[in-house]
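Below is a structure I'd like to ask you about.
For reference, chains read A, B, C, D, E and F in written order, and residue numbers begin at 1 within each chain.
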Amino acid sequence: MKIKIILPNSSPELIKDRIHERKAIAGKGTKIDMICLPKGPVSVENATDEARAIPHILDEIKRAEQEKYDAVTIDCAMDPFPRAIKEAVKIPVVIGGEASRLLATALGDKFSVVTMLPSAAEVIRHNVEASGMGSRLASVRAIDTPVLELADHAKVKEIILQEARIAVEEDGAHVIILGCAGMSRILTYVQEKLQVPVIDPGGAALKIAETLVSMGLAQSKRCFPTPPSKEIK
Amino acid sequence: MKIKIILPNSSPELIKDRIHERKAIAGKGTKIDMICLPKGPVSVENATDEARAIPHILDEIKRAEQEKYDAVTIDCAMDPFPRAIKEAVKIPVVIGGEASRLLATALGDKFSVVTMLPSAAEVIRHNVEASGMGSRLASVRAIDTPVLELADHAKVKEIILQEARIAVEEDGAHVIILGCAGMSRILTYVQEKLQVPVIDPGGAALKIAETLVSMGLAQSKRCFPTPPSKEIK
Amino acid sequence: MKIKIILPNSSPELIKDRIHERKAIAGKGTKIDMICLPKGPVSVENATDEARAIPHILDEIKRAEQEKYDAVTIDCAMDPFPRAIKEAVKIPVVIGGEASRLLATALGDKFSVVTMLPSAAEVIRHNVEASGMGSRLASVRAIDTPVLELADHAKVKEIILQEARIAVEEDGAHVIILGCAGMSRILTYVQEKLQVPVIDPGGAALKIAETLVSMGLAQSKRCFPTPPSKEIK
Amino acid sequence: MKIKIILPNSSPELIKDRIHERKAIAGKGTKIDMICLPKGPVSVENATDEARAIPHILDEIKRAEQEKYDAVTIDCAMDPFPRAIKEAVKIPVVIGGEASRLLATALGDKFSVVTMLPSAAEVIRHNVEASGMGSRLASVRAIDTPVLELADHAKVKEIILQEARIAVEEDGAHVIILGCAGMSRILTYVQEKLQVPVIDPGGAALKIAETLVSMGLAQSKRCFPTPPSKEIK
Amino acid sequence: MKIKIILPNSSPELIKDRIHERKAIAGKGTKIDMICLPKGPVSVENATDEARAIPHILDEIKRAEQEKYDAVTIDCAMDPFPRAIKEAVKIPVVIGGEASRLLATALGDKFSVVTMLPSAAEVIRHNVEASGMGSRLASVRAIDTPVLELADHAKVKEIILQEARIAVEEDGAHVIILGCAGMSRILTYVQEKLQVPVIDPGGAALKIAETLVSMGLAQSKRCFPTPPSKEIK
Amino acid sequence: MKIKIILPNSSPELIKDRIHERKAIAGKGTKIDMICLPKGPVSVENATDEARAIPHILDEIKRAEQEKYDAVTIDCAMDPFPRAIKEAVKIPVVIGGEASRLLATALGDKFSVVTMLPSAAEVIRHNVEASGMGSRLASVRAIDTPVLELADHAKVKEIILQEARIAVEEDGAHVIILGCAGMSRILTYVQEKLQVPVIDPGGAALKIAETLVSMGLAQSKRCFPTPPSKEIK
């Protein structure tokens, strides 16, 4: 099968490392392509970024369908406007935030999300509650690190570990979702230290997309009908 | 006070009647201006329309703040991407869907929404549940009338009345929200026939906006922080 | 329009300051009268007080309807028996606790209530949960100050600020409701210090009442039917 | 032990039959007295009746505590102002509506309440949802029979059976609560016909009261603190 | 009436003390017999223990029905597979965990469970949430004491008191459930120290069983149908 | 990777067809073995069957871990005692009922389950609600066909289609879960007729198991700790 992964930002320099991580977990018969948006914000960290990116995301999803991809993933810890994304095409589209929550609920009763910025934490907390899974959420924690310090990978790794540890020991989380794509290299470290499953949203989206294609499934058009074409000024 | 009403579509011909309805309920000291979007879909009937409209809505909200309006309303029965809308500015922004639900919960235990199209009904049902008020929702009903027949106002009025009656008598609704702006002329008719309160979302948004301005309130920047300016390609 | 505000206690000395605060936010065309109860407890701080006051509240609401008021508000941070209040008359009746919650949910995802006594805090927490909005409640905090110290306004102001700050910084509140009418003079101070919206329940009730009158709405008699007259011994 | 049963109305003619039913299920060591209110509405069928009765209910509960009863029950399918009732005394007070719901949840996943009047049905539905047990409620059904026909016991029995049957077969109820005290004579008939448990609220209250006394339990004063005495005008 | 109490473990040495405690609260006309399982785990502290015990529990319940007992209780703070237990027979079966929650909700808005082991705490927390009463749960706390120290009763008593105090003062519990049968001797001590109701699950099960027998009630076969006999290899 | 599929019944004749279906959707690198239980009920249709099967299920799961399988699935539309199953081993165990719900929530807002027997329908409805996903459940429908008629495949296919159609058109389901393993051959037929996604629980379990193995994930031992070995009589 052929899956297209869309980074919902306009930062092509992120592709190289990310596609490597995705290929490492892809099924043997899966061919992956990864793109970012030709226009739009350079990163997605709040609802405004999502709003500025969404028209371009829709365009890329439709293009993927025309290009005969079997499925599309939005490689992102947030859920930028999932209804529009699922209305856009008939092939399955899977979004990172949603996919990571699904896996988390299979692995434990309560999960926490650890993300970078307080603004993203508010959006993610809201997304979980709006999805009807609020009773499964232990906490959303932001590390709130100034951007410059993010260059110091060793330091960031320890800060993330610390927040994840609080999520487990004080908030009662059984599972951690890393709420930021750039964090995935840190995943194994946190998982080993805390001995709880740690989920990468972009990876979860890819594997759920493969699952849907294998099973002949896609989002229900009864819930997300493809809109008729309409005059847009 | 000075309030700007934004129709989230690109159909200026709707303004004339609509502004008249809004002025009829505005407070004595309230000055109202109404605009529609310079670009974007001609109507908002599904999540795709919302996604295509949202960048233009954000631009108009920001412009309203620069023009020193005291508040903005989105005159719509749906909730197009409310987090981005509330992040955009510091002046209060009130959205029709949300405002109508707030009033409905003060007037009865259960409310129903009657709208035009099944696609809009799915979006509205989801919005209510995502807002945490699902336990107060009796039903969302679509009249599903072919567009051509909408020209026959007398007929549409009866069809809406019929759906609203089922909502009250079978679904247990105590309050009806008319989930479509063009329906407001029918409001009084339905209210008299069924003897339950019938709420017009756009009107609700205007009155809640006045309330917030009078009380010195606006959306919490702790929940909806104004994002820093960011590179957009 | 003409609105009657009922203080649900028998302390007429509270009227003078309170009516001044309400007039400051009333619409230009709104005429306000404020009364307290001729009989009943001198303050409402627990469910027993509510129970002792409710027959007198019902009498005053009915009198207001006979006097041709357009609406009534119960100027109170609690919700003394709202079903009976809404059954009593056909004109809109709005209660402070409920009105403040409605506005709070429009301004942020999570709100806290700060009140004086632990007994009132238990009642308010219960009211929020019983209204179906428990998922939006961050916390209810009581300042638990001995009555004598309440005379020291400067001190009380700081104690309230302190509890509100904990609500925001530790409990995750985006919005504060001041759960006690006497606190409203402190509202601006807390709002400026914490930079989150702070809501006065009595003021919220007044503005929602104006909204309902403007829109021709009142509580649904389908939910709150006016009871037939009945033999009372 | 000595338990006082309070009928929350002013209709002493109801006592004779009712006390007989209660004694039939009381434990061997339980002494029962039953009273009605000296003042107040002759029946409790809506929130207004509850509000008119509650001060007299509180007086009778306190009197029972002074008379050294071990517990009090409110023999009623509704829940007239339970917080005030539980604040009033330290001895256990059990209310019919609440007690019947507790037993129902032990007997099946979903229960329905069958009551006489639509007005009572609205109040009961609201009480169940406010108690946090809304997810266990299949339906509340009112038989809506004109008062005069209630004299025809055979007819009423069939009408109740019919509504209870719909609750079971269409609404999915596993358990029926008879939401009206006068219905208890019909209980066995419905239970045999439908082969599901049928609960009498007043009886449930009595047995839960016995349970609490045997186990040395009463309502938590941490939740329902006895209020300090207060000036009442 | 004649009630059989089943300890869901294979430790007959626990019977002597336990039956004494149960008889102390039983009604005057109630005859009690207590057994433990002939096979199965020596204690029930996690889901695996429950799974290993359940076939033997079902056998004992059926035997009790054949022996003409009026009811059965499972004397346990957990809920080992309640659906199978309720399917097994037509006489009422009441389980400790469930019965204690029912009484707790009548005594306060929020309850906590204090148990011995973290593994049991996870199971109990899950049971409460799965029962639909999660909104009433303040916390589940484990004392996590090494087995050897449990021999030091004075020490255990203080540790339990300490956890229960935190549940009340920090977690907001109004009621404590002692989530472990061996704790019941400590119950009175904790209740007196904290002045909140403290519930023993096994005792609660017994009294609810008596209640059901008195009222002619048993679990609904509509919800828990007795399965047809089936080939078991 | 190597995955063991456990049919939780003692009917080896089911293996031949079933393993064929599973291999059809398995990833290229996945080696599958399928077994049924050596002892236990011949089918799992109610909670009693689950209880009789669970000790044998646990034995087989542990054996699979010893045999170095990478993951185990329980190929079943129900969830037989998931906590014990997840406590038993460290390798991932995925259960059909749970896995199908996870996929369903990614494909639409509301799903229905169509199963054979009313007894199984009650168990499945309860499982969904206990998992915290009750707000996403449209309905559970049983076809209630006498066993003999099940031999007439063409007839069963039409009956299932009919129930699924009602679930979609009247109950509002966007997605159908076929709540019975033997139904999977009918899946494509229903999906094509109704144009909504139809999920086979056993297949869902297999694909989620593959996903977990690829991502290095397994159930959290913080939530499902492996119990210490214990004396079992």
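As a convention for this text, a residue touches a chain if its C-beta (ideal position, glycine included) is under 8 Å from a C-beta of that chain, and two chains touch if they have at least 3 such contacts.
Since we're looking at a predicted model, the values are computed, not measured.
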item: Touching both subunit A and subunit E (chains); value: C, F
item: Intersection of contact partners for subunit C and subunit E; value: A, D
item: Far-end chain from subunit F, centres as C-alpha averages; value: C
item: Taking each chain's C-alpha mean as its centre, the one farthest from subunit E; value: B
item: Turn needed to bring subunit C onto subunit D - CA fit, degrees, nearest 5; value: 180
item: CA centroid of subunit B to CA centroid of subunit C, Å; value: 27
item: Euclidean distance of C-alpha centroids - subunit B vs subunit E, Å; value: 51
item: Inter-centroid spacing, subunit C versus subunit A (mean Cα positions, whole Å); value: 43
item: Numbers and ranges of subunit A residues touching at least 2 other chains; value: 109, 122, 126, 129, 131-132, 135, 223-224
item: Arrangement of touching chains [line / ring / star / complete / other]; value: other
item: Pairwise chain contacts under the document criterion; value: A-B, A-C, A-E, A-F, B-C, B-D, B-F, C-D, C-E, D-E, D-F, E-F
item: Residues on subunit F engaged by subunit E in the complex (per definition of touch); value: 10, 37-43, 45-52, 54-55, 58, 81, 83-84, 87-88, 118-119, 122-123, 126, 129-132, 223-225, 227, 230-233
item: Complex interface listing, subunit A residues touching subunit F; value: 25-29, 94, 98-99, 102-103, 105-110, 131-133, 135-136, 168, 173-175, 188, 191, 195-197, 199-200, 203-204, 207-208, 210-212, 214-224
item: Sites on subunit A touched by subunit C in the complex; value: 122, 125-126, 129, 134
item: Residues of subunit D touching subunit F in the complex; value: 109, 135
